[in-house]
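Each of the next two complexes has chain A plus one more chain, namely chain B in the first and chain C in the second.
== the complex of A and B ==
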């Protein structure tokens, strides 16, 4: 009998499901090897008991929480797919903000449906005060990092799940995969590697071969796990850390401050322009940082 | 007394949506609401980020049309920073936007909405699995078209999921000439498939219109950004709005959007709805997307697409039917591929000059692109060091929300509810009405304040909404 597979989207952008579609012909192979019993692409709504449930998105609302608990209860193997599910994702940037402020910005006059609680008549699920990765709510068996995950990696992870094998994404840092050249960074006596910190748009010319940090551009490569194919740095765009830290034990943004302090003039301070939006763009809900501003936080419950 | 009944989620749309029906004492539906069930609050999350990061952050609003957010954001950032981009950068960005249409339109027509009307009655299910089982030829067609579009997105944008290469001042890298030639071949291969899809959509649309005469066909104002001479353009141009009678109601550059597009607060709902100030709150609610673009554009800028558009006009005239969106969408699929072919055939597209240096500064900037579902507007304000202090984003689905709600309400008004469900045929009609607009709730829910599609059926007043 074919293994039963279900996929669900919590708070996310559907981009991970697009990565599944971007398997193209291999999607047909995959669908031939499993019995797809529930997905946003099909008509079934309830999650039946299955062998594998793949979850995209973070837990941001009461409904997300209900859905993910249901998914866990129904699944033999639970796969967290993408940055939102594994780290909390971009939507987690609201974890350092007051939920009321976020709602006020959306509603303006505060007259949105969440402003009144009419019990059963309330059509919109209530917001949890914090966005959480799936692993903070239920046990997760397999994690596939990335925003969006590379289709190849998704395919490998799902085939492993179908065959009952473990899957582990690579653990070195992006720098191991990015082919850019280091010059002054490797010389102990060189001092700082760039004279200031720039946005890519501010460079006179972009050197396509030299390390972006050595060109003065903040790149999260040193604190981000490999496995994405280094496609951003290949395209002259600095890493923004969507694969998450190579090891969950360290704070991705804080580790970056540490890294920068050694190699850029006042690097850490410049980085503070937007420490959260750059250092924790995809992983704020997995960080202890929200706790430091009185908003709880931390990865695991 | 009335009770509210929640139907199961609407599947095969991008995001979480559900319809709630208000049922009167006689067991018949008096009101319907399209509820959106997610909230991420993106506009607030963008505050404090640096302006040049907007293209990289906002592409995460939507995994279906990340290209559109990436480009609307970078254009607004260009405007804020006073950057004039080189011609080749504009061409590469336009190509990227066009490629985003290819995968998106093919996905919707063949795999999301199409299963409602492309499969025979004996298909095992009206979804992706049903297509694979009953019409593997259509599944292959969808995959081939999506693959071609996503390949171009990946080459130009750096990756297919969330493209990264558009930066204030231009593009982060040029297109190598051998890559240009390879993409040209990819696009030429795809045009034939798109033409077949267009034929299929024509037949399906005419059949649907015959099966559901007059359904969701009330004329409304329409809005789209078009190039000079009202030519089809997905990347740049001027916004044109037609009144419900088809006359030109307004025209303005995206930078003036706030002076021309208002947001109404309706007495019976918390939802806000964008409207044309030139027409007014009462009747100014408008639609965007493929049908609006086809009605507004005088030229599709491609021979095949222009012939198809002429056939559309001779069959349907100035139609307002939601179901006509399907045909219009596939005419666009042909048009975008023809435009891509023209741009890629030009060796100047591989020009190495694709960026100018841009200095950080403060100010404000707005811009629009045509996203697959309709006009997408991004607006930013930033302080002196370029940190965003305010962001405003108007997505296509928000602008269509009133029409989507009306289509749903029209399908169910007066129908009887038995055991908590509508009759299959009624539910199918409602879903046809909703899916015709290809609603993207991933996009729409960045701003939940505007999104709960609350719908009022014209009829007896119902208390307790």
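== the complex of A and C ==
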């Protein structure tokens, strides 16, 4: 009997499922190896008992929480797929706001009915106070980083899950994969590697081979897990950190402060414009302080 | 790791440690350690002997000394001997932990018995954890090179050189200016100069500048630039006389403390010639025109260096930074942050590499490392987190403040604060819980977040005044990141007044107490409006 595979989407954009589709021909291999019993592409509403469930998205609503607990109960192995499921993801940035502010910002006055509204039938599920990664709610067996995950890595993780093997994404920093050259980074002085901080578009010319940080471009490469093949930096685009930290306990937002302040002029205004959005773009819910302290510390409420 | 047998020794400090009750503390921990004993005084020879004997009999792998400050153990006349004898008995130096129950608990909090007790319990518990879990570090033994480099070809240097030559040492006299090879400086020291200059063990180098330096006591490798090219000099010890000319270049290679004028500081009145680097001596201050003063200074410096080098072996515990090659990505942020040039990227492996001869264990590279590929043996990351949690578990009233104390300034200042409080000076609340860090630059943004998450109402960081940092730029590094860190705090709805950075010097005990008090006053209204963060 082929193992039964189900996939679900919580608070996510379905981008991780698109990564699954990006397996192209290997999708045929995968579907040959498993029985796909439920996914957003099927009509099944319920998650049937299965061997593996792949979860995309963070736990941000009451419905997400029900779904992920159900998924955990139904499956032997739970795979958290992508940055939202593993770290909380982009949507987790709402943890710095009250839920009322979140709804007002998203919908203004024109929002539809909430489940909590009187007389509401089909409605937007009520928001939990905090967005949480899947692992903060249920036990997770396999984590696949990335926003969205690389099809290759996703394939390896799923094959490992099918075969009952452990899977761990590589843990070094992106710098290990980015072939860009270091120059002033290697000098034994405490000077800055660039005189200011620039957006890529502000540079007159980009040196395609020199470390982007040395060109004054904020790159999250040092605080980000390798494994993506450094495709962004190869295309002269700085790393945004979507693979998350190599080890979760070294959260990107705090380590970015520690690391980049040692090498770049920290006061650079553009950088400070959205420090939180830069450092915690993909992982605020996995921080030591995953929310405004006035709103409760997150975790297990 | 968790099974290292630990001995806990509590000292009454010859009666000065009254509150908290040492016997009550011993009772609290008796079941958690392998040996638990209250002694009258660590420094009494019979007590030292009995501790050493017990280490052997009970196979202790870790020792906690609860009583006098760690500073006392390092800087007093008799202090270092105790640690040395414990290490000689087989305990790794990294597993000799101190719980400062005198200067940082009993003296400042004598009027608050409950607070002192709670704080003492937290400090002892943390020290036991450190003695048990700190990684054992490598000890390098060197047969000391019985040669001394004297920086500044002055009268005092020449007198010191004469003493050293007579004792069988070789000497190198270097000066930034032109030096007469006959060392004829005239006056009272004419014959001394002639003796030194004509001695086969003497080398004189004029127009010299420091090009490079590394190593440690017994084994310093120095490279001097001279008009004739670069000269390597290998010595066991260094005496700085012309400090104004040499201190700046020396500080680029060795951790040394300096005063407001940037001149080197000795370890204090008990050691006028010693610096924090055990092989680097100072010529004590003297009037160059006063023959008696010149000779006394030269004798003090020469004796200090001889006391440290006339031993069969010198030891250096490598409490340095280490690299986990399975995690390092070669980003080079450690290269940029190290003030001593101890970090570099190996061109072959593209991974970070530590030159232990240049690393002084300040831990700045651990902070700048983005992935936890670095750690420093003297304050391992995991144990820092454990210490934060141990301090947060102390049963003390709000507001509670976690204080990170730089070992070079904040920690001795806290000791001074205790001493002046005992003499009737200003005290400060027991709800201030200290963690000793090797440098202000060791403060990781993560630790501030952890402290808030653990329930502290405020975080205070005591770091060196501008220009004083032994690691040159540890305090500057902190400045660079502190505003970013404040932004991170504000994003979580935390008033950044909860993080206070205080510049201090080692002897400023009154200021220390005042600053802690002022911080507590500032936190009071934050508690009323925001509620305790716990």
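Assume the second predicted complex is superposed on the first by the 274 of 301 C-alpha atoms of A that agree within 3 Å, B and C clash if a C-alpha of one lies under 4 Å from a C-alpha of the other, contacts with A are read in each partner's own complex, and residues count from 1 in each chain.
The rule is simple: a contact is a pair of C-beta atoms (placed from the backbone, for glycine too) under 8 Å apart; a residue touches a chain by one contact, two chains touch by 3 or more.
From a predicted model like this one, the values you see are computed outputs, not experimental measurements.
In the three-chain model built by superposing on chain A, chain B and chain C fit together without any clash.
When the two complexes are overlaid on their common chain A, residue A:62 makes contact with neither chain B nor chain C. Touch counts on chain A: comparing chain C and chain B, the chain ahead is B.
Residue contacts after overlaying the shared chain place A:103 against chain B, while chain C stays out of touching range. In the superposed pair of complexes, A:25 makes contact with chain B only, with no contact to chain C.
In the superposition on chain A, A:147 contacts chain B only, with no contact to chain C.
By the touch criterion stated above, A:276 is placed in contact with chain B and with chain C alike.
With both structures placed on the common chain, the touch criterion links A:91 to chain B but leaves chain C unconnected.
With both structures placed on the common chain, the touch criterion links A:173 to chain C but leaves chain B unconnected.
Taken over all C-alpha pairs, chain B and chain C come no nearer than 11 Å in the superposed arrangement.
In the superposition on chain A, chain A positions 276 are in contact with chain B in one complex as well as with chain C in the other. Touching chain C in their complex are the following residues of chain A: 96, 171-176, 182, 185-190, 193, 221-223, 226, 245-247, 249-251, 253-259, 261-263, 266-267, 272, 275-276, 279-280, 287-289, 291-295, 297. For chain B in complex with chain A, the residues that touch the partner chain are 4, 6, 8-9, 11-12, 14-16, 18, 20, 33, 35-45, 47-50, 52-53, 56-57, 60-64, 66, 81, 83, 107, 111-112, 125-129, 132, 139, 143, 146-147, 150, 157-162, 164-165, 167-169, 172-173, 265, 270, 355, 357-360, 385-387, 442, 447-449, 452. By the touch rule above, chain C contacts chain A in their complex via residues 326-333, 335-339, 341, 344-345, 350, 364, 367-373, 444-446, 449-450, 452-453, 472-473, 476-477, 480-481, 483-485, 487-488, 491-494, 530, 533. On the chain A side of its complex with chain B, the touching residues are 9, 11-19, 21-22, 24-25, 27-28, 31, 36, 39-45, 60-61, 63, 89-91, 93-94, 97, 101-103, 105-109, 111-115, 120-121, 123-125, 127, 147-149, 199-204, 206, 208, 231-232, 234-237, 240, 273-274, 276-278, 281.
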